[in-house]
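Shared between the two complexes below is chain A, which pairs with chain B and chain C, respectively.
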Partner chain A sequence: MSGWFCPEVLLVLAGVVLILADSLVADGKKGWLPKLALVISFALLGWTLWGAGQPMPTSWGNLFVTDGLSLVFQPFFVLCLVGVTFMSVRYPMGKEEVVRAEFLALPFFSTAGLCLLASARDFLAIFLALELVAISLYLLAAFHRSRAASLEAGMKLLVMGGLSTGFLVMGIAWLYAATGSTDFSKILLDQAGRPASLAFLLAVGLILTGLAFKIAAVPFHAWAPDVYEGAPTPITSFLAIASKAAGFVLLLRVFGLGAFALDSVAVVFRPVLLTLGIATVTLGTLAALPQRNLKRYLAYSGIAHAGYMLLAFGTLGEAGMGTLVGYLWVYLLSSFPVFIFILEMERVHGSADLRHLDGLGQRDPGVALGLALCFLSMAGLPPLLGFSAKLSVFTTLWNAGEVPGLVVGVVMAVVGLGFYLMPIRAMYWEREADSIPAQRFPAFLVWILLMAGFFQLFLGLQPRPLVRLVERSLAPTSSSLFPEK
Partner chain B sequence: MALAGRGSPMMLSYSLPCLLGLPLLGVVAIALGAPARRTALWVSVLNCVPAFLAFGVVLRQGEILFGPEVTSIREVFPVQFRLAMDGLSLPLVLLTLVVTLSAVGVARAEVKRAKEYFLCLLLIGLGALGAFLSVDLFYFFSFHEVALIPSFLLIGIWGQGDRTGAAWRMTLYLMLGSLILLLGLIGLVWSAPETARTLDWRVLSETLRANPIRAENQFWLAGLLLVGFGTLVSLVPFHSWAPGGYASAPAPAAMLHAGVLKKFGLYGLLRLALPMTPLGWKEISWIIGVMLAANILYLGFASLAQRDFRWLLGFSSAMHMGTVFLGLIGGTVLGLGGALVLMVGHGFSAALGFAVAGEIGNRTGTTWMQDLGGLAQRAPKLWFYLLVAGMASIGLPGMANFAGEIMIFFGAWSAHPILVGIGAWGVVLSSIAMLRAIRGISTGACTAALVTHQTADLNGVKEVWPFALLTFFLFAIGFIPNLILGPARPVLERILQP
Partner chain C sequence: MSEGSPVMNFGEITLSHYLALSSLLFLIGLAGVILRRSLLIIMMSLELLLNAANLALVAVGRFQGLPDPQVAVFFVITVAAAEVSLGLAILVAIFRIRKTTAADQLASLRF
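So, the complex of A and B:
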């Protein structure tokens, strides 16, 4: 089997096939296109899981590497794609149905870029892959050309994304000036064992700033809530999860494993990362409290989660990196079901306002239970999955002796429980059964959410598969995800 | 799941997971639509069977274990589902079972949204049982947290008074306490030598006995554990969630929370703080002394000022925790034994008190003492149980609370004579508060609602048995404290051994 069948190539091909199919099929007969996209994305997910370990084509030179990290995050991103495509099938497009194929195909290109990011080992490759992701997302966020909120979202994403790319490119330029290379291993060799020059540190700082935009870390977070609210919900989920994860994977690549894994960098940037983390956790949690729109609410919750991940990663040890990888998976598993729910809520009620949750516990007990478990998991309540993630963050900080981060993390976890209890309160004790409209959610939603809730519980009690995933992700060699097969 | 405990018969060790499995089955059954109250009742009764089997083994062999072999923390995922019961956890498991049973018994089948109501009650009981039985710190902590959200919902949906505020305050406060406790637990585990690190507190306490933690670290760890567990026990100044929370909670929830769940904090201190950080515990014992004096005096005087019976119970229940802490810093086996007896006795008496308050509230629509009166005349049975609860809380000889308090006072005399004096003063304060309340509620002009109410008194065996059950245990332990102390003595002695 040739290495040309790697997920990145197949993803791009699938996107092209979708666009071709759209232009070849007559109007009015395109109803099966979304389903085709869904089938393809599922097939690709199976392919990444089964074919994991396929080395990348050698002709791509030194730009990419296949190691544990890329093996673990390719399925992650393709899983996000499956979710987005699934939501797109359910997404009401209205009059803009004529351009539907692009809405389906662009996430494929974006995912291809994400998979490339996960395996990049050269700043040029990072730049190219990041632009592939970002440009697709600009288009997708502004997809509702007639809706002002969507256009605003696209515009904000474009400007902010452009700004962050600017920082990144500037950083890469300074890096090249300081070290004479953009290749991770060459930079490492060049810089190892000597004090970092000012130019080098400036480059690192600029690149960190660029990445901080991507993960919506405070103070580079302001775009996130508006964009999340305005963008079409499937795209919101992709932005919130896949795009944020991409930023963190890059942090891992660059600061954890790759070019900047140097003592001279750590001395300067460990406090910076931890401070970013403290600010992000605090602001994300506190600003979430007054939110009344579920999409904005999740945006701030995502910012808070990013803060925890930054805190763990900021210790710049192996434990912190492992925690980050695990936390990203936990974040995916607990927030994606909520996004699927938001989409259905918008279909039924017309908006993502928190008050539509009132009385859900009696109207749709299954949906409410699943949702409650997801929220509590995000809050980090044992024995749910999110607790393992928080526990891991706290243990990492404890062992690194980072008292300020630890204190802020604990206090904000308590405040966080307060804001994750808000929807639960709305669902279970806000309104009595007789005052509830009789609108119902589709049956499959119950199963999805119950399954998600069960997953939170099961993996929370037995996170062994996740821990193995983390271990694999930090392993340097490229071997299959499932070694026993 | 191999391995039974040291010599304990293989089959019997499965009684421990049964103890947790039955309530879980009940929860699932109720969620799927089984009749809520009947299922909860059956589950609570049936749960006594595995409990008695386990008790038998503990009484004969000292302990019963269930679960796989202990592994080091360097495993992929070091958490293991290990359960154990010894002389120290036995009385608390008994307390949980009895209070859960009577709480379900007191709860009405006609309550609105009965399904969720009984589900939450069972979950609180399950959380408490799991916490008392778990050996692995992960489960020890997690099981306690399981009770958090059900309490939030119980107070929020079915509570009275300022239920919203009470529910938020209690939940967030307890979460903060739990997280501080979590830091303490992380600290304990990571201060063990690297090769012997484990999450199993039985192994961990032996390890830390052999390799004591450095003294200054012990100070901080004991402090973290004190603040964490102390918040759960409502030690002043971390108490402000407790009185209001109990006053707003529906009676069965208050019974479970004040009676059982609160004891988890004390249990944790006995299990972890005392044996693992003995030096630190000694060093902070003067801080604890100040706090517990505040508990007894401040909360005692505050309870005098209460006009609502539920609030009074809330304050007096928080106040008695001060006396238990006196036993914990006394440094004698007698004091620890007294603390254990008082924990259990207070569990029964607080549950009885809140149950009586709940019934009074059901019948008259109020628990304001100035609006009440004539209970003795119109509802003699209810009045009797009010008297029992009040007398137990005062510490009348013959009740479990007396046995506990007297042992604590004797045990702590040599180390903290002044605090013992304050503790005795606490008995006076709670006597004044309780007697005034009992006088106000039971004598005088009869409350209008009581006169018109069809069944002013407890109606037959069906309504009496939960009260009788709690009363029985109050007296049984009061007369024969050795029921508890006998099996617990070796464990308590081991705690104090250097």
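So, the complex of A and C:
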């Protein structure tokens, strides 16, 4: 019974309601639609958090499973949805002051796909959920039709997404050829205790390539900076955080817990994952240094973060998986506030150029402080939240005896420090630009950023809640996210 | 068939033939996406990638006597149709602004 009230169903319903409301309401009175979307998304977040405490059935024809991982990541994705909807309310779209209902509704569909991904346990389900996410995102990235950059971003995302779909479907076809099934447990049963055939390894490689596009791992990263820069800023944040997290959740599902959690696969793919991680960290950090646009800057920062996560996960152990889950939450908490700031910066200054940060420390001390804390947390400076994440990546690598990955990771963390200090230097040590815009940042931005900064500090000093989250996520089939009362 | 038969005998067509053909199609599609300049042809190549996979799925289903891969093909076809219609819509919008469909003209986003 309760299966009908799971977040996925409610998300799709909410999206449909928004589109219907748009077509039923007269043209002049649509101002409340964005607010309605925001209220619905908050309600859904509450529902998901409450639902995460309830035992849920493992149903839907064995295509989906409800376990710790899905209970931890459904709130993650719905939280991203709340952020995107909040930003969409503020997103200026040319002459129309009010955003279109489709722009508000499509993220709901996309989030439904993300929640399905978090609980999928069959490759066909993974394929469909991934496409539900991706096709909504192509449309959203290209939504600002009067701007060539937005269309270009949509096109690039579509071509790259199509390519990744091609690899995934080909992988599924070879998986059928090798094992005769796409069900995780059947694959595990079929392949357990015998050497992997060439066809099976090919299937794993093709599926891994498809996922590497989604997490923008080097050498499949080239689309990310362009798409992030061109897409509307709310969508950029969704792509950077939710879509990337989806790729990692899938990696966890497939390689960590599900179909490919086999020794025969680990032997071949552990070095592959670690090499991908090393390349991704290095390129993400070094290519970020000369960037002048804050959105591109965050794209490369995201690539570097993906590299650290890949390094931790590449050890293919319990510790690596836990680190990945924790790191994803840290990434969400430290980057989302920055995206909200970028949106407001675009409203005030008209672009996301780094030079608009000059002198922000004197002009808007609250905003600057919160932003600085977020950047320092991303850099991994103690005692902030990002430090615990990086430290746990390094301990994982050390315990697994992966010295090359550890050395590259530490060196790049130090280089990356310089790159995260760049905006901070601009805010506090640069003279203010000659032309100060008349518009000021709205008051709520100060509160959001200060709260985000406080979270970095508080969770950095007291990471117990996050640790508990990680423990819950890897419990085999936990029925509840929160401890029993 | 006897030794000196005028009709050439290629033997029975097996699953590996289909898989080889599908891999070839996949590589052609991949090369098309990477090398071609026109967005229309890039999108055709994307379709080729998915259809290569479809061929493999159908062949596997037929030779192993499984119904699942045959059903999967329908999902893939549906998704491919959605993807390509969206791609064409974006292409039309790009053409209205830029008057071109060449991929290397899409360079306003560059460092």
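Basically, the second predicted complex is superposed on the first by the 461 of 485 C-alpha atoms of A that agree within 3 Å, B and C clash if a C-alpha of one lies under 4 Å from a C-alpha of the other, contacts with A are read in each partner's own complex, and residues count from 1 in each chain.
Everything that follows uses one rule, which is that a residue touches a chain if its C-beta (ideal position, glycine included) is under 8 Å from a C-beta of that chain, and two chains touch if they have at least 3 such contacts.
Since the model is a prediction, treat every value here as computed from it, not as a measurement.
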Chain B versus chain C as contact partner of A:L151, first or second or both or neither: second
First, second, both or neither for A:D226, with chain B first and chain C second: second
Which superposed partner A:Y138 touches (first chain B, second chain C, both, neither): second
Comparison of chain B and chain C by chain A residues contacted: C
First (chain B), second (chain C), both or neither touched by A:L406: first
First (chain B), second (chain C), both or neither touched by A:G361: first
Which superposed partner A:K295 touches (first chain B, second chain C, both, neither): neither
Which of chain B and chain C A:K214 touches, first, second, both or neither: neither
Intersection of chain A interface sets (partners chain B, chain C): none
Chain A - residues contacting chain B, complex: 361-362, 376, 381-383, 387, 391, 394-395, 398-399, 406, 410-411, 413-415, 417-418, 421, 424-425, 428-429, 462-464, 467-468, 471
Chain A residues within the chain C interface of the complex: 124, 127-128, 131, 135, 138-139, 142, 145-146, 148-149, 151-156, 158-159, 161-163, 165-166, 169-170, 172-174, 176-177, 180-182, 225-226, 229-230, 290-291, 296
Touch list for chain B against partner chain A, complex: 76-77, 113, 116, 138-139, 141-143, 145-146, 148-149, 152-153, 156-157, 168, 171-172, 175-176, 179-180, 182-183, 186-187, 190
Chain C - residues contacting chain A, complex: 15, 19, 22, 26, 29-30, 33, 39, 42-43, 46, 49-50, 52-54, 56-57, 60-61, 64, 66, 68-69, 72, 75-76, 79, 82-83, 86-87, 90-91, 93-94, 97-98, 106, 108-111
